[in-house]
Each structure stands twice: as structure tokens, then as C-alpha cells.
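What follows is a group of structures, each given as C-alpha cells.
Presented sequentially are two complexes of chain A, the first with chain B as partner and the second with chain C.
Let's look at the complex of A and B:
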């Protein structure tokens, strides 16, 4: 079968995606233009909506780095969701125990450590036993989900609360922020942007970053050039887990102030999309994470028009598919 | 009474996992990584409930459900084969799409006052028995099955012997769609109505069973039998002590995943994936 020209193939896919979104908009029972406006602009409607978007923007950014890190080494860390959950739970427990600024710092560190630990089986199985990291991290996600739900509805649950949650951190034991206009910008956001920039620098300017990219691009060539591919693979997954755990710890001490059932609204799974939409430059994570936060905020807003929130997920999934088809086609095209 | 419900649940979960895992097996043995079992099941569950309720015909409902799962399966085929999208990315995209789309469809179109129409559950047990037998026969005795295995092991070599991998994989994914669709329809039949994320990760348990069973029909069926027993045990023993120990439900729910992880680490009998998995 002769392949169609690139532009035509992408055009067909794009058109299909557009038609699906249009059908959804037309059948939703609301005015399509109003739905789109709500989806795209609700973030800017009020300071509260903007603050809520920032609360999602931050973990999307940090988890985006976690996924990107592994992706550069040719690895899919589907496990960021589990690492985020475990990190968030560990961070909350530590911050509750210690309190104050020390609690904030140690809580974030505990999250980082537990996130890395949660990635350890997957990293070891991948690097030294040859088992696929996608499968092992899916298993680890399911275990993290069960374990955190179990602990938060028993051992670490606040006995006075009516539903599975820990005690809430007092304001002085949480990471604060600066007030810009009506919006409180948490320091965690600065930290998140710092992590993205530092990671981008590390990837481009250090030997370790270069080894990571080479391993991802062609591990056989890397091995010939003297790179320890197993070690690089192992440390890439561990680092990815650590960053995801830090994201969880920060979410707990900066935004949520507690751990509860439903702590993650699927941040880890969305982060896979964030990393793919970011393209080949790590700095792309920032706009892509913001777009995710914005559309998820819009998903809440469309419900006031009696449109199900799933429409945002539907649009995002089609964007990811379309973008990855375009990107892979582009790469293959340029390779000849 | 209690023992009887254990057996019923065990059979139910075996059928749900078994149908999905066999679907995954057809896809993966043909060389296409499939983490989108969950999405196909979710979509089929939703469409079966919707069309069955609206048309009043359970057969129409099931057919539409299967068609929707096949459509998702074919999207996976087109994306991985024509657009060369990474199999994991495509699978993840399809799972996400199914999650969003079913939430949208269920809340927009499914009216709670319309009574649901489902086929009787024994029908699905028949399907499971048939598909285990047929897939075993196909992989060991039939030309089509051997061709599928050849494509999965080495698509280039298969091509030189005149097999068209693209076509073989198309049919493999149609079968995968049908089997995952049956599994999803059974889930919604068992629960009585559709709700958000109704499949609750069963597609991933099926994936685990597929790996633990080493991508072979009978072993996969055995792995499903074992995993289903854990899930039934979790309902049975909820809160009650087992051999003097108080085991939380989370333990039973995590057991299939723990066992798969341990198996992957090579501590109990290692299994080998089809060597052409993920190759073009």
C-alpha cells in the first residue's frame, strides 16, 4: 500500500478529531460557542478561578518534568500518578508531625524520597531484569491507589472527619506565597518553574543530560560510546519518581494542606499528555501544563451549562493523539 | 449461602478478565502493544447500556457496544501502523478518550428512567469458553493463528514469506475489540447500569494476567482464574479474619498487581514477551 502524503494523512486525522469534537458540542444541548468560551476562558473569570488553575498548573508542571525526564531516556513512566500519591501522603504525614517551616521542607523531601522509592521496583526491573516499565508502573499505580486509600481511611485518618482525610496542616506549617493583585501566587509555583528551567539546563549542558538523551535516542550506539545504559536507565526512572514524589509533597504542603481520598484528580495521567504536548524542548512543559490547567478549570465551568466535564478530557485526548501523530510523522519525515 | 456467592463472583470476574485478556493476547501476539483494553471495555459498557436501553433490544445494545470497541481498536491500529504513533502513547490516548467520551455520553444521553436491557449472563460464559478453545486451536492448529504469531515475532521475516503484517494486525485488532467489548458489556450487565469509570481498572488487571500467563491462551486463562479468585475473596472476606489474620480489602485488591510485579522481577518463573512487540 502506498502511503499518502504527510500533509494529507495529518489532515485526515485532524479533520476526524475536529468532527468528533463538533459532534460532541452540537449534541451537548448547550450553545457550542458558549461551551467553548467557558472551556477556554473560565480561568480568567475571577481571582478564585485563576487561583484554582494555578493549583493545578503547579503539579502539572512538576509531573510534566517527571514524565519528560523518563521519556528522554526512552522510558514511559506511567507510574507518576502512584508516585505523586505516595509522595503527597508521605509529605502530609511528615509535615503534620514536625510542623512549621521545617515540616514544609522535610515534608517535600519525604515526598521526594518516597516517590523515588515507589519507582525503585520499576527502575530495577527495567534496568536489570528486562521487564517493561509501562507494565510494572501500572501495577505500582494500582498498589499505590489501594494502599493510600487504605491508610487514609484507617491508620492516618482524622478520627473527627466524616470522610477519609488526614488532619489539616495549620497555615503556619504550609508554604505561603506572595499576593499579586487579587491572586495569591504560592512559592511552589516559582519552585516548579525553577525545576523546569533547571532540568532544561541539565539536559542540554551536562554530560549526564547528554548521556540520558543518547540512551533514549539509540541505546546501542550509546553503549558503544561507553555509556552505562543500565545505570542511565535506572537513574532516569528513579529521578522521574523522585520529581513526581516532590510534586506530591509540594501539593500537600503548598496547596491542599492535607491528604485525602481523591488527592489526585488524575494529575499523573494528565502529566503524560503534558509531556507529549511539550514537544522536544523541556521549556514547552510550562505552556503545556498551563493549557492543561486551563482546560481542566473549563471542565468545571461547562457543568454550569449542564455539559458533562468529560468533554475537556475528550478534547485533550484528541489533542495528544493528533500532536503525537504529527510529531512522529515529522521525525520520520526528516530522517528521510 | 456465602460459599455460593463466592463461586458466582469468581465465575463472573473470571469471565470479565478472561475475555479482556484474550482480546489483549490477540493484539500483543500480533505485535501491537495494547494498554487500551480498559478504554475499549469502558466504551463498550457505556454504549451497550445506552443503545440497549434506548432501542429496548439487548442484542442491538450488545452489537453497538461491540462495534464501538472495535472502532477504538481500529483507531489504535491506524494510529500505530499508519501514523507510527508510539503504541503506548496511542493506547493512553484511547484510554483517555474513552474516559472523557463515556462521561460525556452517559451524562448527556443515558436517561435513568429508561430500563436497561441486557443479554443473560450465561451468554458471556459461553463466549469465554468458546474464545479460550478457539484461540488455543487457532494458535496451535490453524494457518491464520500461526501467521499471526509469525507477524508478532518478526514482522520483517513474515513479510518475506508473503504475509502482509498490516492485514494480519487489522484482523487481530478486530478480534481484540470484540473480546474487550464482550468483557465491557458483561461488566455493565453485572452492575445493572453504567457509571463513571465503571471498569475500575479491570482492563489493567487483564493486562497483568496476560503477562503473567506468558501470552499463551491456557496460561492466560489460568492467571485470570487466579486473579478473579482474589477479587471474589476480597468481597467474601471483607473484614472477616482469614486463618486468624485480619486482612484489609486493599490487600486482596493489590494481590494481583503484587504477584505480577514479583513475576516480572523474575522471582517466580519468567515469561517472555513476543519479540516483535512494538516493532513496525
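Let's look at the complex of A and C:
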């Protein structure tokens, strides 16, 4: 049988996804049009809603870079979530200790360092012992989750608070932003965009970036081309962890101002989708991260319509699957 | 009457016409050769007979009746068997399991009966097998024999063999043809796809020549001479590749007591000592699996070694692959897909591969894009790689065109030592000559080259000197004499 044209296959897949979403909405008894509108436009409803979207957009962007970095070296860093948590906790503790602008800078650096340290076992095992990074990073996530919960419930908990959280940073000890209209745009966003752009440049315009991409695309050919594949693998996972830790540190000193149980709403896992949805161009991380931020914000609004917020996750997951199918088809097409 | 008759076969793949109105008639009991260059359509034609492809037009008749095979399964049921160039043997299974695989006699197997039948088939052919041994213990000749037994196991009486001697030593190849002759005497029909003319002249009765997807001629072997056949295959007169005398004054590469440990922990190369002089094209002859791969990898730095290795006075023991590339080592890798290219990437991005750290290719922290653009054009034009532009993904080119590009790249950036593993793989005769001519030219400018090939005739024709590797031991025959080298390859001398 002759396969259907590519466009038609993608169309069918898209339609199937739309139907799944529709069924999900109908079974929850909501008006699909109303829900979709709320999902997509809630971000623009009020300055607060927009600020909340930006608060998610920033870590999605930075963690998107972290995942993308590893992905380009042919590695799945599932551990971004744990690296983000550990970075966020370290950043908070350091910023609380030091205070002021110095605390902000050292807090972000501490996050970076701890994120890289949290990736170290996985990077070493993968590069020099051949153990799969997916397994080790999942395990490291669990340790990070339990360890941060434990610390924030005891040793670093604010004794006056009624639930597991640290003290809150005073405003002068946090990263500020500039006021644009009603919305405060934190400098962390500028930094996030800067990280995406710098990473894109590094990946596409430097020899080190070229070698990373060769390693990810065909490591045997890389070894024949004089690339130290092990070292490239090791440093890619370390860099990925460092960026994820920086994301955590920044989240603490720029947006949250403290570390608490539930500091991450699963940013690290969503970031896997952000990176895949970004496509082959690192700059694609920016719109992809914004889409994630926007839909997760909309997810809060649909709760008022008695639809579970999981609908946003459902849509995002379907988008990622659809996109992967599309990319896969394109690759196969060029080979056939 | 012909046992096999293919009439007016045309096969299109999209816009590409792989076979254009080709016919083939094979007599029962014949050894029938189908010859032609890579890409002439030989394998495509055989896959049609074997039911693996259904032709765009034309008819297939077997034993006088028209057939319409929908898959190889139908062809096998019709007692047609094919051994492809790449053996379909699973190393982890035993020889007996491999023999039966896909042709078991039912859900429950009577292993004793299977063994008896297996012994029976083997003794008919004069082979002997340890049926309970793992297939990975077989050498290339053993694997080839097992493949032929697999056809007999399936009761094939029309056997298609695609380049069966590509991996065999001259002695094993002769033995193979003796068994094929025996099979033909017993009533089997053998269709042999090959590009080695001596075996056509010595063993076959009829020959069909294809070129560019068209039928050129169909003749009895007695009516044609070897040079005539070569011209029919290439389409123009061939002159002999000019031989030359090289007396190198200094060594580019010098190895002493050089040993390499293989994947199984055994010594794959055992204390080799040899030199490659400036200007010299040295061929390494040997049967596949005798340590060529390990030697090659150790020289390029992806595998460690013991002993001494010296490249233009530099000790290689301390040098990584990257250092060696900087010192002028260039590589034409054996497995193009895995070792030499990134298939999804453009020719331009593949042009940089291996050279990314060379000062000439650098500009600040990145690649010198202007130089890269200039070099990729040079690599494309050097051996006429057919492509639409340098931005085309290399994986979308034919294997032969990829090989031209990879060979051109290895001759670029002033090499001092070219390591080439089967550099002519997938190339037609003209392109093969062009590549060897290119190798000769870089050697004339002061480089040396080591060529690994399993095709002794190719090495004899193009190399200045031959080394032989057998069981990890390297010997240096006194002269380029085919018979003597053939004996060294199997350790018979």
C-alpha cells in the first residue's frame, strides 16, 4: 500500500489529538470553547496573571536550555528537576546568609554549582562507566526531592512559619526588574533570553558546539574525527546540570524569594517538552517556553470552570507527541 | 529451455530507473554470472527474481511458468534461494539454530532428526560443521558455507549468490567454486553476482553484462575474453593502471613490535614491525577478521597498542586521534555510515568532520565559513560527487557518491599518512582508479598510505608494495606475486 502524503498524515494525527482534547473536555461537562478561551487568554487577563506567566516562562526557558544541551549530545537529562530543586535550595540559603546584591549573585552562582554537582554522578557514570543517564538522573531526582523536603522541614525551615519553608528574602536582597506599564519584568527574564541566545551561538558557531553535535549525532564518527567523546559527554551533562541549577537559584532570588516544599511545580519535567517542542533551533526554546508558561497559567483559570488543570498538561503532551511525529516523519522523508 | 527467464524487466524507484527493459535467461545446471559495476542493477535484478521487489513492468518465469511472487517467502517456496552480500547469520546462535532459522519444521522441533539432516547436507557438499558451536566462531569462509547450506536446507535448487567471494581468501574462494560446481552437477542452478572476472572466466558457462540498468550482452563465457568482458562492463577501453617504482628514502610511519588487544581480550595484532616510506602506497592484504581492523583502529588512535609507533619522528603512544589528525593522519573509514559521516547533515557540515580543530579551518572560536565553503566544493569536484548543492544532506546521496566525498576529504588538508580501509567500496572502476590516482598524488607530495582491502586483485593493481596479515601476524612478501601472497593470506607458507 502506498503511504499517505506527509501533510495528510500529520493532519490526521492533529485531528485525532483535537478529538482527544474535545472528549476530555466534554466528559468534564464544560463548554469546550469557553475552556479553550480561558486556557489561551488568561495570561492577558490581568497584570498579575501576566506576571505569573513570566514567573513560569523564565525557568521553562533556562531549564529548556539545560535539556536541549544534553539532548544535542545525545543524552536525556531527566534530572533537570532535581538539579533545579537543589539549585533553588542552595541559592536561597546563600542569598539569605549574605543578603543584598552580593547575595543575589552568589545565590545564583551557588545554584549553578550545586546543579552541576547534582549532575556529576550521572555524568561520570555515563561517560566513564557506560551506565545510562536516564536511570541515574531519575534516582538523583528522588534523592533531591526527599533531601530538599527533609532540609526544608527541619534544618533550614523558618521556625516561625507554619509549613515547610525557609525565611523569605527581603526585597532588597532579591533581583529586581523594570516596570513596563503595569507589569514588572524581572532582570532574570533578560538573563534567561540571554542564556538561550548565548547557548544558540555557542552551539552553532563554535567548534566546541560542533563537536557536541557530532557526538550526539554519531559518536563513532566523532571518535574517528578526533573528538574525545567521553569528555564531551561528561561536560555536556555537567553543563546541563549547571544551567538547571542556575535556573533554580534564579527562581529563588528573582521570583520566589524563598525555598519551600513545592518550590517546583514540575518545571524540570515540563522542560523536557519545552526542549523537544523547540525543534532543532535553540532559539525555538523561547516561544516553546512561553507556550508552556501560558498554558500552565490558563490551567489555573480553567479550574474556575470546574475543569481539572491537568487539561493543560494533556494539551501540552499531545503537542509534544504531535511535534515529535512530525519531526520524525521529516527525517525519514529526507532519507527516503 | 531456460529454468529462469526474466523478460522486459523495468524497475523504477521514483524518477530513478534502476533497470530498463532487462532480460535474463538461465539454463538449468549452469553457473551463470551476472556482472556489472556497482549501481548497474545486478542486485536489483536478483531481488526481483527472489521476490523481494516486484518490478514496475516485465515478467518473471521459472521452470517455464510465469510467476508473480509477492515476497521472498513465495520465491523460497518455489525453491529459489539467495545469499546476500551481508551474511544473515546471528553470531549468538549455534550453527544448527542458524541453519534452521525461519525454516523450522513445526512448532516442536525434533533436534536429533534436524542434526542428521544437517550432517547429511554438509557431507554432500564436503563440508564439516560443529553444529552446537556458536556461529560467531565461524570465519568468513565458514559463514559462507553455512549460508549455502541454509539454501539447501530450504530445498533451493535455484541459488543466487551475491558477491560470495568478497570476504574470502583466494584459496577459500577456489574451494567455494568447487562445491558450487558439484551442486550444479547435481542439478542445481547457480546465479552468481560478481565483479571479479577471473571467477567468471574460470567457473561460469554463461555471462550477462549489465551497465547503468541496461542489458549490454548475454554470452557464453567461451566466446569472450577477460579484457573484452572488462570493456563491456565499463563501456570503454581500459588501459592498465601504470605501475611505478618507488624507492623511499625515509619512513613516514614506522612500527616495531606493535601489538593490539582485540575485543575478546586476545592479541589481534601480534608484534608487527613494518615501515611505510614517503611516497609509498602500501596495501595490507588478508582475509577479513585477521587483525586488519584492530591495526587500523590502533593507528588512528581509537584503540590502544603496545610497542613502538612513530609518525614522522613523533611517538604515537602519547598522541590522541586529534593529535594524529593534526600531524597529518587522514582516514577513509571502513564503515562509512557509522564512522565517517553524519547522514542527516549537509555535505558542508560533513566536510569539516575531522578537521574542526585544524588551524586552517578555524576562525576565532568557530569554523572559518569561507574556507569551509571553498573546501566542500573542492571535495565535491575532486571525484565528481553527484549532488544538488553543498547543503544537501549527505545521507541522501548514493553510497558510491558518499564514498567519493569521503575519499576526497581524506586527501585534503595536506596529509602525511592516509589510512584507508576498503577505499573503493561502492565505487565503479573509473572512480576506483581516480581515487587510487589521488592517493598516488598525495604520496608523490611526500605522504605515505596504508590501504586495507579484502580484494587482493585491487591491491596488486594499485599498490606499490603489499604486506600480508594472517592471524595478527604481518609478513612482507618479497614480490607482488599473486600466488605467493594468496598462500601467505591463509598461512600456508
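Throughout what follows, the second predicted complex is superposed on the first by the 324 of 336 C-alpha atoms of A that agree within 3 Å, B and C clash if a C-alpha of one lies under 4 Å from a C-alpha of the other, contacts with A are read in each partner's own complex, and residues count from 1 in each chain.
Here, a residue touches a chain if its C-beta (ideal position, glycine included) is under 8 Å from a C-beta of that chain, and two chains touch if they have at least 3 such contacts.
Computed from a prediction, not measured in an experiment: that's the story for all the values here.
Peer 1: By residue count, is chain A touched more by chain B or by chain C?
Peer 2: Between chain B and chain C, the winner on chain A residue contacts is B.
Peer 1: Given the touch rule stated above, what does A:183 touch, chain B (first), chain C (second), both, or neither?
Peer 2: After superposition on chain A, A:183 lies in contact with neither partner.
Peer 1: Of the two partner chains, chain B (first) and chain C (second), which one does A:217 touch, if any: first, second, both, or neither?
Peer 2: Touch partner of A:217: chain C, not chain B.
Peer 1: What is the contact status of A:226 with respect to chain B (first) and chain C (second): first, second, both, or neither?
Peer 2: After superposing on A, A:226 lies in contact with chain C but is clear of chain B.
Peer 1: Quick check for you: in the superposed arrangement, does A:142 touch first (chain B), second (chain C), both or neither?
Peer 2: First partner only, chain B.
Peer 1: In the overlay, answer first, second, both or neither for which of chain B and chain C A:105 touches.
Peer 2: Neither partner.
Peer 1: For A:36, select first, second, both or neither according to whether it touches chain B, chain C, the two together, or no partner.
Peer 2: After superposing on A, A:36 lies clear of both chain B and chain C.
Peer 1: Applying the touch criterion given at the start, work out whether A:120 contacts chain B, chain C, both or neither, answering first, second, both or neither.
Peer 2: neither
Peer 1: Is A:305 contacted by the first partner chain B, the second partner chain C, both or neither?
Peer 2: In the superposition, A:305 touches no partner, neither chain B nor chain C.
Peer 1: Provide the residue numbers of chain C that touch chain A in the complex, in ascending order.
Peer 2: Listed in rising order, the residues are 300-302, 320-326, 331, 333, 335, 338-345, 349, 352-354, 356-357, 362, 365-367, 393, 395-396.
Peer 1: Please give the residue numbers of chain A that touch chain B in the complex, ascending.
Peer 2: It is residues 1, 3, 9, 13, 24, 27-29, 76, 78, 121, 124-125, 129, 131-132, 134-136, 138-140, 142-143, 146-147, 149-150, 154, 269, 272-273, 276, 307-318, 320-321, 324-325, 328-329, 332 of chain A that touch chain B.
Peer 1: Which part of chain B faces chain A closely enough to touch in the complex?
Peer 2: For chain B paired with chain A, touching residues are 33, 35, 79, 82-86, 88-90, 92-94, 96-97, 99-104, 106-109, 166, 201, 204-205, 207-208, 211, 248-250, 253-254, 257-258, 260-261, 264-266, 270, 273.
Peer 1: Touching residues of chain A toward chain C in the complex: what are they?
Peer 2: Within the complex, chain A touches chain C at residues 205-208, 210-211, 214, 217-218, 220-221, 223-228, 331, 334-335.
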